[in-house]
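To start, I am sharing the structure in question, which I have written as structure tokens.
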Amino acid sequence: MALTALIVLPLFGGIAALLVARLGRNAERWFSIAVLAVALIALIVAWTGGPPPDAPGAQWLALVRYQYAPALGLQFLLAMDGLSGALVAVSIVLGIISVVISWNIRKQSGLFHACILWTVAASNGVFLAMDLLFFAFFWELMLVPSFLLISIWGHGDREAVALKFLVFNAVAGLGLLAAVFYMAATAPEITFDAFVFAEMGIPPLAQVWLLLGFSMAFLTKLPAPPFHAWLPDAHTMAPTAGSILLAGLLLKTGAYGLFRFPGMLFPDGFHVLAPYGLALGAFGTIYGAVLACGQTDAKRLVAYTSIAHMSIVLMGLSGGVHFAMMGAGVEMIAHAFSASALFLLIGALYDRVGTRDLRQLGGLQQTAPRFAAAFAVFFSAALAMPGTANFLGEALVITGMFQVNWFLAAIALVSLVVSVVYATGLLKRIIFGVPSKACVTQDLTWSELAPVIVLATGTLLFGMLPQLLLVVLEPAVDAALAPLVRP
Amino acid sequence: MSPFFALLLVPMPAMGAFLLLGLGPAEFNRRAIQTIALAGATLPAVVMLPLGAYCLMGTCDGIQPIFDLEVGPAVVALALKLDPLSALVGVTVTIIGACVIGYSIDYMAKSEIADLRRYFALMNLFLASMLCMVLAGDSIIFFLGWELMGLCSFFLIAYHVTSARAIAAGRKAFVITRVADAFLLAALLLLFLEAGSVRLDDLIPAGIATDDVRRGLIAALLLAGAMGKSAQLPFHTWLPSAMAGPTPVSALLHSATMVAAGAYLLARLAPLMETVPLVMAVTATVGAATALFGATAAVFQLDVKRLLAYSSISQIGFMLLAIGLGQPEVAIAHFVVHAIFKSLLFLSAGDITQIARGTTDIAAMRGALRARPVAYLAFVAGAASLAGIPFVTGGWFSKEAILASAWLAGPFGIVLWGVALSAAVLTGAYAFRPVLVGLIPVKGARMTFGGVFTNLPILLLAAGTFAIAPLVTPMVEFLDATVPHPPLAVELVGAVAPFVGLALAFAMTFMPRISRRVAQARRMRSGIRIDGVYQIVFVQPFVALVRWLTGQRGSIADPVGTLPVMGAQWLVGAIVRPLAHDPLDRAWAGFASATVRAWGVARHVQSGRVRDYALAIAVGVALLLLLGWGTTWR
Amino acid sequence: MTPLFLTAALVLATGLFAVGLFGLMIRRGILFQIIALEIMLTGPALAFVAAGAHHGDPGGQGMFIFVLVLAASEVALGLALYLRLGRHADVSDSDTVNLLRR
Amino acid sequence: MGLSGAFAIWAGALGLVAMALAITRPNVVHALIWVVAGLISLAAGFFALGAGFAGAVQILIYAGAIIAVFIFVVMTIDSGDAALARERVRLGKGWKLPLVLVLAVLAPVALSLPGGGLDGAPVAVPAQRLGALLFGPWAVAVEVASAMLIAALLGARHLARREGGQ
């Protein structure tokens, strides 16, 4: 029951936020935080609720199944294991942070908070749904609130960018829909249940095509290089909260999809397409990193770094080895923290200074030491300094790559080196240097410092004491790998 | 509570100071910052000395596990380790760290609160990370310390945030050391895959047990990692420019401890390295070559800090030479001695040049004897130990041991011995140049003495250079090895080398003709422009690629991203637009216009003329009749 | 010879009708066209009377009377129109009068 | 019994010729006179067929009254020689197609002539039977005919009225 609350609560909370906005005095902000807090409690209840009796695997922590139209094979099936639980927790925390960080948004603030809650609800849906129809439904639903967030509260020519974001991801979603419907049609009796598909034994050739369909949607959302054109624009034009949700939630759904379904539904297809996934990931890390070095807009730079980090996740996921998958899981969560923090800081700077152009920034060290300290922490996370969760993720992926193919490991290491170039480049232009007249700002207020501290503890805690995260991910990775055992 | 629990306490105070000063939200005044920093710096020494003493008495080969967890098939067990090597190096690092941070309290007195706080936070973080690396019992904590040092060096080199040169130097240092770290990470991960555990005790036997190709590769990667961090020949360009940081930073990081970490790494993994003779030979040659290159470049420097930087490069070259010849213990001994006299040189040079208008070139040290006697005399002691004045200074014993091990290592060894000897001569030359300049009297120089925090560390270190002399051989024995002794003649030659160097130095400073030529040797001064070569070979192509990919060169920005979008738009143009006007609709429209034209024609039938109508009637009647006749009548 | 009189009468009636029609087609003057109309009417009149005579049925002559009435009213209106048009158009050519309004 | 179909046919033929001449005269009056001639010969035919009343009505009303009015109206219009010349010119043009059409109309009738089957002598139909018919079953028709005549009268009077007495 708690699982459905994870989705239903933010969904209807969003609608309620629209109404509560009329009460004024930030009512809808406290209301949203309350809704998300209750959702967090629901998550904990679901997590500690003991393994469900009828769960097909050992790794499922909670499962809800409600057949509301058996004739049509429609059912409401949610299941949570280690990884999806962690991702849901991250998305709720980031939801709270994006509410806290946009305390001064006045334009249609009711709808603003509704969009935040709906994004959290939709992404929770994606992380939990094990019924492919509902998965596809939430997959598409996610785009709508983000589209609204970018097109209403964004900067610059936000409508065009929001449209580009929507078209890119909606079209990519078609691949997913086609595959889901094909599978439902060829199933012995019509159903969308992922567990049934897992045992159904789809012929290998069909598996390859279905996996292509699935990965079309996941790679665009990931984003992997040829399909990434929407991310830099979307991030530059999105409001701070939008960027946090985009980086923290939406990107993770792509990676989560690649983690869950290829292994479970298309083992043969996975063995055929894995090399291409590896190659794409390798190219992505280098391409994203090199492009990040040349950017002049801070948010665009961080967007390209996200492409580089998520391509490392892609490499880990298509490695098919225990270390690589584990590393991918850790990197997903670490990137959620570090990317959101960087967007948060850049957004806060933009609110004060009015520009994100790196050529005009600089000298934050003198004028805002606390800003500088926060930037330094997440600067070290961006270049995967040991002691941060990013390093743990990337080191595990590289270990996995050494087992798979040494050349790929070398490429991942090169990307580590290039990450220094863009990270120091970002830091140099924002923190160091003579404080330009645009940069005389007041330091971080407590409403901005609290989320930064939360994200910093997240990054450093999982970096220093990784077993907190690894224990959670272990069963999920074992289950995902079981069908993939290399022949 | 095993005695090794204290190991955990060693890095703790420094880390605590960092957290308090660096990330702590509380406000501190100057006095508070200095006390916290000093506490963070001295407490590790206080904890480390008893541990060192314990190690001296009995066997000290203990592990203090921190936690362990299963990651799939492997077990990751983090731990701190105490053994003669880590104890000795740990003690040295803590002592020198305390001295340098103590010294910098006075040295940095003028900078304002925010910068001071950042400086001491970073210095303490550095000390903590260095101790983590030294005391690490497993590869993860080792690499954690190793990388954190790189981060601190970046921030400390770029301490003067407003000077673009310092920032560029910091970035260059960080990138090059990061390249080396990549090699080291690869090696450590490969070992981890072999051993299935991260403990150094498991890694080394597992590394030895693997097949030759893999072991050779691991050893080569380890060597590359060490060379990068210790600024050996191909990777050395970052160290001279790293002198842009404040002098205490150069003293602690870029001479004594961090830069020598490479040597410590190779010493720690020596059993594994020795099983790959080729890599050992390469290490030795690289060491010797770097020693010679460093020494020659140092001779021509005009700036005392750059001179000391090149000197560090060459001294660590000596250490690598020793390790390459299978004598890691001698290298570590030289590490300890070098750490002491090099930090002493930096601190005293810093003190002298600070009062002389702040520039750090050698000319500014003119008349230092009278202006700053304590610092000058300490500098002389350090220089003597660097040059290796026999029997009196520690430098002589450790360098002599290295030359001896080179001589005894067979025919190839003798070649290396020759190279090392010439390097030693040049070392003598560049060591005494600033000393002689300091002797030149300057009129009206008032004798001044620094504060207690300046002089105490300098005196301590000076005493150390002389006190360590008799301890070099026991140190090597402490590390379970013996000091090699070449034939007497060879030792004598080694003893004469520093004096030849002194003569050279005398010629260079006082003979105008030679000193002018030294001044003009601009090519040599910039390290045969290797830095410029790197700039052309690596940096410019990379910048060009970045510019091209981000479209600043008029090309399409982010080509891989925009090409699919342009393709899609072309597709829309090619397929959708022609169909935009629905062909069926167009067909109906055509039909409609045809009827309009037909109407135009039909209109003329109604001409309004009675005769035409009559004609029509006639035709109609005729046709009907014919029809009727054709069908019914007949 | 007498039995064929009705067929011949019908042929003659058709001939009269044809002559009237021919006149209507070739003459352009309105008056001539009215005259042609009168001739066309005599065709059926003859046919009616001949058929009535053949069957001995007075209906033939009755219809003849109606034809006559028709012819009279038709001439009356025709000439009235002719006089009215004469004031405006060149009535010698009926083509000029091809528009319903003036 | 004195009725002779042949004479009727002969009189009809004469009428046809007169009518043909009527339509080909350039002068209106000549044309009208030829029409009168035609009508009188047809009347003769009627008498030959035993339809005495019809023949009498033909001569008195048709030729005598209608055509007379016609001639009367024509006389009031002084169509000069120009009109005459013009008529001659027009007669020469455009008569080929109408001729063909008229022949086409005649052809089937002429072709069906031999198969006749319509034999039998004409039967005299005295006027009394005609009167009984007209005022018996055809009474309504007669009333309608008279209404039409009145309408024609009014129409002609209204149309021919001068515009406001110029």
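Lettered A, B, C and D in written order, each chain numbered from 1.
FYI, contacts are C-beta pairs under 8 Å (C-beta built on N, C-alpha and C of every residue); 3 or more make two chains touch, one makes a residue touch a chain.
What you see is a predicted model, and the numbers here were worked out from it, not measured in a lab.
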#### Entry: Graph separation of chain A and chain B (steps between touching chains)
1
### Centre-of-Cα separation between chain C and chain A, whole angstrom
100
### Summary
Chain centres from averaged Cα atoms put chain B and chain C apart, in whole Å, by 125
### Query
Just curious, how far off is chain D from chain A if you go by their C-alpha centres, in Å?
106
### Query
Could you state the distance in Å from the CA-based centre of chain B to that of chain D?
131
### Message
If a residue has to touch 2 or more other chains to count, which residues of chain B qualify?
### Response
615, 618, 621
### Message
Can you pull out the residues of chain A that are in contact with at least two other chains?
### Response
none
### Query
For chain C, what residues touch not just one other chain but two or more?
21, 25-26, 28
### Message
Testing understanding: with touching defined as stated, what is the shape of the graph linking the protein chains, line, ring, star, complete or other?
### Response
other
### Task
Give every touching pair of chains, nothing left out.
A-B, B-C, B-D, C-D
#### Entry: Residue numbers on chain D that touch chain B, as the complex places them
97-98, 101-102, 104-105, 107-109, 111-112, 115
### Message
Show me the residue ranges of chain A that touch chain B in the complex, using the header's touch definition.
### Response
164, 225-229, 232, 287, 290-291, 293-295, 322-323, 326, 363, 365-366, 369-370, 373, 376-377, 380, 383, 385-387, 391, 395-396, 398-399, 402-403, 409-410, 413-414, 416-417, 420-421, 424-425, 428, 431-434, 449, 456, 465-467, 470-471, 474, 477
## Note on the structure
Touching chain A in the complex, chain B uses residues 22-23, 25, 67, 69-74, 76, 114, 117-118, 140, 143-144, 146-148, 151, 154-155, 158, 161-162, 164, 167, 170-171, 174-175, 178-179, 181-182, 185-186, 189-190, 192-193, 542, 545-547, 549-550, 552, 558, 560-565
### Query
Given the complex with chain D, which residues does chain C contribute to the contact?
1-12, 14-23, 25-29, 31-32, 34-36, 38-39, 42, 45-46, 49-50, 52-62, 64-66, 68-77, 79-84, 86-87, 92
### Residues of chain D that touch chain C when the two form their complex
3-6, 8-9, 12-13, 15-16, 19-20, 22-23, 28, 31-32, 35, 38-39, 42, 45-46, 49-51, 53-54, 57-58, 61-62, 65-67, 69-70, 73-74, 77, 79, 83, 86-87, 90-91, 94-95, 97-99, 101-102, 105-106, 109-110, 113, 116, 118-125, 129-130, 132-134, 138, 141, 145, 148-149, 151-153, 155-160, 163
